[in-house]
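This report concerns only the one structure given below.
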Amino acid sequence: MDDMSAAPTVRRELKGTAYGRPAQHPNDTLTKVGPGTPCGEYMRRFWQPVLASKTVTTRPREVRILGEDLIIFRDGSGRPGLLYPRCMHRGTTLLYGHVEPDGIRCCYHGWKFSVEGECLEQPCEPDGGLNREAARQPWYPVQEKYGLVWAYMGPPDRMPVLPDFDNMALEDGEVYFASDSSLGAHGDPNGPEVVPYSWLHMNDNVMDPFHVQVLHTTFSGTQFVKEFGVMPTVDFEYIDNGVIYRAYRKLEDGREVDRVSTWMAPNIMSVPSVLLSEGRSNGLGFSVPVDDTHSRILMTMRVRPDFNMRRGTGMESMKPWSGRTLEERQDQPGDYEAQEGQGPISLHSEEHLATSDRGIAMQRRMLERDIRKVMEGGDPTGVWFEEGAVVHVPSGNFYRH
Amino acid sequence: MDDMSAAPTVRRELKGTAYGRPAQHPNDTLTKVGPGTPCGEYMRRFWQPVLASKTVTTRPREVRILGEDLIIFRDGSGRPGLLYPRCMHRGTTLLYGHVEPDGIRCCYHGWKFSVEGECLEQPCEPDGGLNREAARQPWYPVQEKYGLVWAYMGPPDRMPVLPDFDNMALEDGEVYFASDSSLGAHGDPNGPEVVPYSWLHMNDNVMDPFHVQVLHTTFSGTQFVKEFGVMPTVDFEYIDNGVIYRAYRKLEDGREVDRVSTWMAPNIMSVPSVLLSEGRSNGLGFSVPVDDTHSRILMTMRVRPDFNMRRGTGMESMKPWSGRTLEERQDQPGDYEAQEGQGPISLHSEEHLATSDRGIAMQRRMLERDIRKVMEGGDPTGVWFEEGAVVHVPSGNFYRH
Amino acid sequence: MDDMSAAPTVRRELKGTAYGRPAQHPNDTLTKVGPGTPCGEYMRRFWQPVLASKTVTTRPREVRILGEDLIIFRDGSGRPGLLYPRCMHRGTTLLYGHVEPDGIRCCYHGWKFSVEGECLEQPCEPDGGLNREAARQPWYPVQEKYGLVWAYMGPPDRMPVLPDFDNMALEDGEVYFASDSSLGAHGDPNGPEVVPYSWLHMNDNVMDPFHVQVLHTTFSGTQFVKEFGVMPTVDFEYIDNGVIYRAYRKLEDGREVDRVSTWMAPNIMSVPSVLLSEGRSNGLGFSVPVDDTHSRILMTMRVRPDFNMRRGTGMESMKPWSGRTLEERQDQPGDYEAQEGQGPISLHSEEHLATSDRGIAMQRRMLERDIRKVMEGGDPTGVWFEEGAVVHVPSGNFYRH
């Protein structure tokens, strides 16, 4: 029941209405990631983390990365394998294969493949398969480091080394805490493992220190620590293989802190402690494209064995993301809402980047330059070929004394 | 277990089989409603009801209309707003925005917009945003009347007035009962708010007095009143801005009644009391395109505060639509089944319109003529520009005495 | 928690990686089945089983076959009908129609149609519809045999007879056990009635005697009988209208058995007893295209009234398919997993058919030859026009004595 009839109060001057607005579109150069696309070929020139080591077991598992559907497993000797899913014989998925000490066997006719795609057995063929040696199940090279399984999905003759990151060497008693379930987007172990939006949304987010003050503090209540309520003074700066920002805050208690965050090409983030603890960052994060409209946020940290990610933050007392209603997510939106809210792929042609978005503009400039480099046959920034390469990660919370 | 083998009794003369029938298609002129389409531009020249006033609150809500996704809300001062959903800054949906007295604030970086799209704040920008005045979130003008929120989504320089309908002025003690959840299709408050078929299906239905005798009475049992079991004598007639029919029935008790129903361009229906109560119609209905394949049936009525829509009809004793199985819907189909059963968009090229479909043919002729008018730069029938315009609605059940 | 950092052990020689592999595609000639496609027109030249007779009742039901959506029902006189779903009048689906002794009546305006598409009534039209005789609801001829309802969906002037199969005449006390719910794929009455992959996957399977030894015996545990663990010696041979194989096994107890299986064009399978019982096959199976990416496995058998399909096989003690988790299906995959695991349509261009796939190659050669014949105006192998035609089915388990 309602009774709201009222004289219309229509004015004739209608500025900027939504009528007749032009069609908008994403920046395809930065967001298409399948084989043969500019960004897809660029991304394939780096080792990409696929899953946490602990997730990769002798039970085969489907995984989608850079628009490709693959099967990941660990053979009976402990070696991880990443194979094209359709058995080269008659196309049945290796998801139903059984793992043996030296490889995986297809369920339909028993062909067996090693983690490097060699065909080890063809039991229904005369003499075990006379052309067996020539057969090869398509595969990708993988290695394990920092608690993650990494893959190289690019051209074989351009395979770089996976470097050391100088903030990641374990100190006494430390272990790696690695996550592959997009905790960085929603903080909830029961949240979606893959998030339904372009990798670029999270990648933009890391060079955006201002949303911390709005989204995570004044808008939604304190999601990390209340000190983020101080609007910082921010400088952005290029480093060799990325962009950093220095956010200076004078806290209420008189202390002054420089918070340095790092983005490294193509999709590596190193954010310092969200508790504003003093010292260098102890971790790395990755916004890995699953396909054009989905991504997986992985991360790895050096921690004490009793580490608990939510402890000490405002998140500790919040309802876990997966248990919230739409209304609760509206009342207290976080990174997931802000980024999913940009759509499956944002429409970059209608953005209005402002002064506070300078870090994002710098990242995208470097990405577009390096994508062009790869298209022209060169190697992108952030790729190393010498064994033992070490990358410096400048991130940290540095207090002025 | 079965035992039905039998000699085939195949005859060689096979007339009109389904083999090789030509491909069929909808009437696109009448059913495509997105921006820039002929019917879409025509529909945008009218004020369209979006939702009931009571549905529009300070909690932002997604609404889709004429193929456009929008955010609707009521600001803290009570003004309804209808905005393009993606924040003009970096594209996060305003669904996660918070409403303030003078507008809505985006969750990501805190930009705030009025219901007319003005940018009121840019908190992360130096000096609050030097170019803030030039910024504009795309918006549409809205107003409230008859318990509904109406929007004008057309070209600003052709905005008409929203007229008065001469059957809708409240009488003593009356209130408006407005519904935006497609009750007119399924009669069930728990039924789908949006129905999965073209707006034209319900629009056809209103000038189709014969289905009342079949679908609603002899086929499914009495859905309204048993008097509809009398097949009427029907005349169709153009009025200035639509089509009416006069269905004459001589009832069993000797009474004679003329039932007059009205369709007004572009999608307005005024059906008299389904209880055959004497007098003029006390309401209006609307078949509003959500997109090409979905629609929302809105309605508003002048009623006593204790009004109950199902009371006194055959529907009162029927199971609510949302609780019925497919079998129950097959046993007693209603308007929803008949219209959803035409598919997402009917294939008009294969229809066989007959004598009883004359009202539908007249409606479509007027629609096609006016769509052409708009394409050629003119104004359609049923649009008024003078303040205080009043539209006469001839509908009612008129007994001959 | 994990601690797996390790020096990368990358080798530079990367043979056969998945990078840069060419795009692959299905064999469209064999897998597109809609109207007007080569395989679709070929398939339409045969009587195809649609559903089991017992499934077709006076309650109308949607059925999809060869890419066409149709309504199937049995009229009040017991005649099955297969009609185009959209009422020829205004397009409402006949799913909501009511069956009468002589046909089906549309819910919207009451037009009534016979099982041969004649329009019997138009109640809202003056004089019951003056042009009623000319109206025709599109229909297909159907007949019942062997417990199944069969349809002919091809050109009327090429309609063949539905032949007798010489293994299907009932013996004393036998009845037909017919199934239309793809039991042949998953063996579970509660499994999906339609399977989500091309008809060709199951069709390939029937001339593939080797997977029985791998998939059904050594890989997943004994799904039928342990004797299938003996790898057979196999000969393939063309017959007039198909392909057969003879799989010879010398069993542990010294007995020798020839297992003969038959494939008949276009999609008919006759597999002998999976218990290796002596004698001719007592059944027929069919891999019927629902559309390009879905199929329905039908079958019919002569059996004793107390027949139970799972009894005596390894399946008897296995959990029913529909109750299994992904992990359980990985541990013990069966035909469903192997065939669904080939994708909605396999990518035939990347197959590596080997010596053991000779039967499949022979089938496909016959199919492609006959599809070409039909495209050129001829009749395919396996079609008979003389009444009383009888087809010989050579299948059986034949023991050497």
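Annotations for the structure displayed:
Here the chain labels run A, B and C in written order, and each chain numbers its own residues starting at 1.
Keep in mind that, in the parts below, a residue touches a chain if its C-beta (ideal position, glycine included) is under 8 Å from a C-beta of that chain, and two chains touch if they have at least 3 such contacts.
All of these numbers come straight from a predicted model, not from anything done at the bench.
The chains in contact with chain B and with chain C alike are A. In this structure chain A contacts its sequence twin chain C using mostly different residue numbers, the overlap staying below half.
A straight line joining the Cα centres of chain A and chain C is 44 Å long. Counting partner chains per residue, chain B has no residue touching two or more of them.
Only residues 35, 44, 52-54, 59-60, 68, 70, 83-84, 86, 88-93, 95-96, 98, 105, 107-110, 116-117, 122-126, 129, 135-141, 143-147, 152-156, 159, 161-162, 168, 170, 175-178, 305 of chain B touch chain A when the two sit together in their complex. Every residue of chain A that touches chain B in the complex is listed here, in rising order: 1-6, 8-12, 14-21, 204, 210-211, 213-215, 218-220, 231, 327, 329-330, 333, 337-339, 341-343, 346-347, 350-357.
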